[in-house]
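In the two complexes that follow, chain A is the common piece, with chain B as its partner first and chain C second.
Right after this comes the complex of A and B.
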């Protein structure tokens, strides 16, 4: 059952699982063991996705599969330099493992997944689908993650989730985060993923997020890992009647980074925002893929994704909106725009509508182009030098996506990331 | 004519029934044995007295086809097709020798007359009742190539066109009379290995139209082909090749119908267009193959490959299609914009009612500098129809200042149908600009209310609104076709409202 097919392109991961299976958290829970074994079987048979798969036609994992990964060997108590906190409560993960000593989760129902694995095991892969390749990979090897519950009617305020990969070794880390908001609860989850420059690790986080009736989750992810790293995230989200998932993903790091969100609006009047920005520099590929499932009437979804490309880089946007027969009165809007700052950049965009209900209002738009010469001329003619004028226009372009984030600290983190990226790559662009 | 009046006319015409082209002509036919193998390919080639290079080409295509798989990615479902259970050659029995219109079997002429396509010279495509009985009102007639099952039965106005140096004939005749031209261009736009259905077509194509417009000539009349599937269990595989040499202009129309039958029939055509420097081709289709009955039984599988090569500078190709028929439509008329400043256009109305499925769209491949493309697609779904727009806009790194604008709108009538949009936009050029916009909605209550309040019935009101929705595309059609297309829209939607 655990025999590793030498032809599978996931052989390295399967070998690792074969060696580790007995020691992974929950190894003694038969149902969880079966889940992991099933993942191993799937990976043995199908391997990791190639460009032949429609959902992966623009993102080629081959460079990653050629890489050699090792185990994360960070001692559990090693001192780590942390960036300044953006919230009072913070959960810190180093190489995918929860660090209680660095975290402060006072007053929250939250902690390490490994510690409560027996309680949460039945919830695994109920929101994220095991058929998704990145969920499969994560299921095989996850060791830890954040479990966070917000009780009914409470406002948990702002919580920071900090994911650090230590770098030195080319580790692969597969955290599994379970976030659940009960009826009427509120939470702002601000996530930052960082790693030292030059790190060639794989970070493969999977989120399973449940937003109950009338609850509101603001989820902002700022991914600023090394430009040599691989970041393959999968977010599974379910929103119940009257609930709101307000998401924003900023992809700035990673040689190959993909943020894939599968969100279902399951009750009437549920709402989703799937906004994002991608900042892609020389040698990088950033991919934002979303699948939005309108499964109930009177729901609304909004999506604005902006991509800025410089150097020899590639941006991908794939956004699908499915409106089921019962989802009458759906209001869906999606916009993706790309700004090409270099002759060698490429943007591939595939917005997609699949609609089976007639009383709906759905639209999408996609544009791609260079900086507007007229705007540049306008600024230059008013005495602003070319460099700052370009910077101003790029920031204005991104602003439209960022300004919808209501939480101030989150917006600050995004602004900082944008400014940091421009400082590093603006010159070349 | 004001839009309302037009629509009312349309409705009056439409009252006579769902698919009025569903009759069958009883005519003596000649068939090749059922099934598909190398012998059939050789049989077709021999029947057409083809040179050996063409037979070799067919055989290569057949070899390639055997190793290919039917595409599964379109959003359409149908039971597996048994390619051995069809006739690949069916032709009305005819006398040998050159055919003039007088020699054409009167049964055939009657068939075309019944379809509203009189194969008499100086006759005019019967669009509007009473309009333009004769060409004396200043408008020029239309030259027609009529394809009946596997063969072309007549081509009108050949003499008139020859005076201008224009070649308009069936592709079989072109192979005999202009072999160099055919050899030079055949398969250069859609190679024989292009895709499953194109390979099949290359192996067994039986007829189709051939057009060559010489340098600097503006074709004096509309050219038209009328495709008719008549015989049972036949597949129709026609191949059209249009070449517009430097500075020439041509407008070409294509229409199609088939008898009403319970079984599905396959139509796998290939159309290749070549436009040289400053040439312009306008290709309009009104596709009205039998769509199957209201329970989804029968109908044509329309699996077509259409592609244009804008080879010359400032060349232009404009595709306009009105897709109302067929049980399943799978077609993506495309433009390869090679020449600098070349222009590609795609205007489409696709309508699916009852159990019809359409997966259609276009590809605009920008290779040359300053190339421009426009895509306007209107999809209408009613009944249990499924309608997909699937399109690709690709800008290569060398296509500096390329420009694309895409607009796809879908209209849903009823809650059992589906409308889908799957655009692929690949931009590898900084100075290029692409814009894509898509909307899906249903007929607005307030628009309906407005019409009803002014005394229009529900059906008339829907017809009026649908015509308005499609106007951007319909106005691209030549006049006669635009009128026919409007009627078709109305008929196709029959029974879907109220």
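Right after this comes the complex of A and C.
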């Protein structure tokens, strides 16, 4: 264990690790211990990302790094109010810990990562890259997570993942979720991340997701944490031949929220949807960053990301698409659009296409603008007051992104989140 | 009764309406004709409260209520309806949802009970049948992918559902073929009655063969220059605006 550099901006996390290292799950597994120590070294040397790093140019973590967090290692056993279920099976995590008493995973090969840490340790950081800052931080401190396997040819239906932060104190939680679909398997994974208003926690989930041949994963994340919270998620995804990853991320909470997805299409005819929406109000920043690697021929990717900004808020979209030389006949589409409801809102949009194959179809576009005055007048001229008329147009703007989500319960969850956000912020917008 | 008195209005600081005087009694249909640039569309937007159309003088009342003090949605609730020359496309807003929201917003301010989704569908289907509108137009986005004729029929459908006291039809005939023109005209004529009046704004006499007006007014250079019965429209068609206005001036 190296000594903690007092100058590292990750000092607080490193101190935490120094105190916890022997008690974290898998502390007695040398390979895992080495993984965590390596993460500590990286953070000691490089720290958490500053805006000097190109990938973090628009998202400044300084406000978070000034905050004081407490550890969430003490398991919370008290009753927690759960939102209504959206699926028969649900995995509930409170402060990053699996709660078997609140979960029901009947018929699934699924459970707590901490309980099977010896089995899954070799898989850690094989899909998500340890060189990614949020993966590094998670590697240092993860305590638990969901391990979910869908056997070959099985349709697991819809499974809910609830990530709750229990209190108003500033905990940091770093769940590590391992999701694996075997050949021809299917799953709809619907995550809702919630916390009480006023909570200033850090939620730093990392997903490692493997979609085997001809398997289909629909993965919808609905992040509705407190507006004072920090949410820094990293998703590593690998899709094999003929497989589909159908992803949607809604960021509707957090003082700073970033959803970063690194996805590789590794076999022919694999497909990826990296759709999403961000809703930000005064004082918030939301960042959707994706890196899509077309590494095989005849693959398709679709991406529509919409951002609605009100008040003095910021949105970031960074979308990189790499088409390798062997990825001929790639069919790629990327669109990101921002709706600015205030003159003080700002969107930074960085599409980035790197194409090395010569027979590909790749298009991308970006727009940013205010609500259309003609549309607003049309609605008002029909008797619909200004507030509801604006709400209709904002919903319509998001509709294009949301309507591609085929799972009805997931779409409902997204609609509710949008309606909830508007109820809270529409007046000001 | 819609009463417009000495109405003046500016767009981008330029005077467009220069003192319009007009009365449309209940139950009557009046036509406003005029050359391009006469201020016809400005009049319709000024009456419906569009931003950017600044009223600099005069008054507009509907059954004694001052319209100019009201927001666009309040004017709609008071019974004013504007059929747009260029209906706006609203991708992502379902036509059925839009129509029902509008209907219920207006019913609410009138103190009438709201209609639920089933009642609305029944109501809308009946009206759509009269307007030869395919039912899938309810499911589509508002005016999205509609042909010119479908958009105008959708305007008339809105009018039929919202039951205004006065409708302003802004160049509703533009872009319509003969069949669509007839359907739209039938839609307007079906509304005729003691509690409905309309201001039909058009460049051509053609529409007025189908919607026969009680009065015809000629708007030019921001003023009503002459008024008459339906025969005035025929004279305009025969002699042109220059001919008729030369005589009036």
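Here is the rule we go by: the second predicted complex is superposed on the first by the 424 of 429 C-alpha atoms of A that agree within 3 Å, B and C clash if a C-alpha of one lies under 4 Å from a C-alpha of the other, contacts with A are read in each partner's own complex, and residues count from 1 in each chain.
Basically, a residue touches a chain if its C-beta (ideal position, glycine included) is under 8 Å from a C-beta of that chain, and two chains touch if they have at least 3 such contacts.
For clarity, every value in this text was computed on a predicted model and none was experimentally measured.
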Checklist entry - Between chain B (first) and chain C (second), which does A:343 come into contact with in this model arrangement: first, second, both, or neither? => result first
Next on the checklist: Once chain A of both complexes is superposed, is A:54 in touch with chain B (first), chain C (second), both, or neither?
Outcome noted: first
Checklist entry - Which partner does A:359 contact after superposing on A: first (chain B), second (chain C), both, neither? => result first
Checklist entry - Counting only touches as set out at the top, which of chain B and chain C does A:351 meet: first, second, both, neither? => result first
Checklist entry - Can A:328 be said to touch chain B (first), chain C (second), both, or neither? => result first
Next on the checklist: Under the stated touch criterion, name the partner, chain B or chain C, that contacts more residues in chain A.
Outcome noted: B
Item to check | Which of chain B and chain C A:370 touches, first, second, both or neither | outcome: first
Next on the checklist: With both complexes superposed on chain A, which partner does A:65 reach: first (chain B), second (chain C), both or neither?
Outcome noted: neither
Checklist entry - Considering each complex separately, which residues of chain A are in contact with chain B in the first and with chain C in the second? => result none
Checklist entry - If you look only at chain A, which of its residues touch chain B in the complex? => result 54, 325, 328, 338, 340-370
Next on the checklist: Please output the residues of chain A touching chain C within their complex, sorted ascending.
Outcome noted: 372-375, 377-386, 388-389, 392-393, 395-400
Checklist entry - Which bits of chain C are touching chain A when the two form their complex? => result 48-51, 71-73, 75-77, 81-82, 84, 87-88, 90-93, 97-98, 101-102, 105-106, 109, 141, 158, 162
Checklist entry - In the complex of these two chains, what residues of chain B are touching chain A? => result 73, 397, 410, 412-442
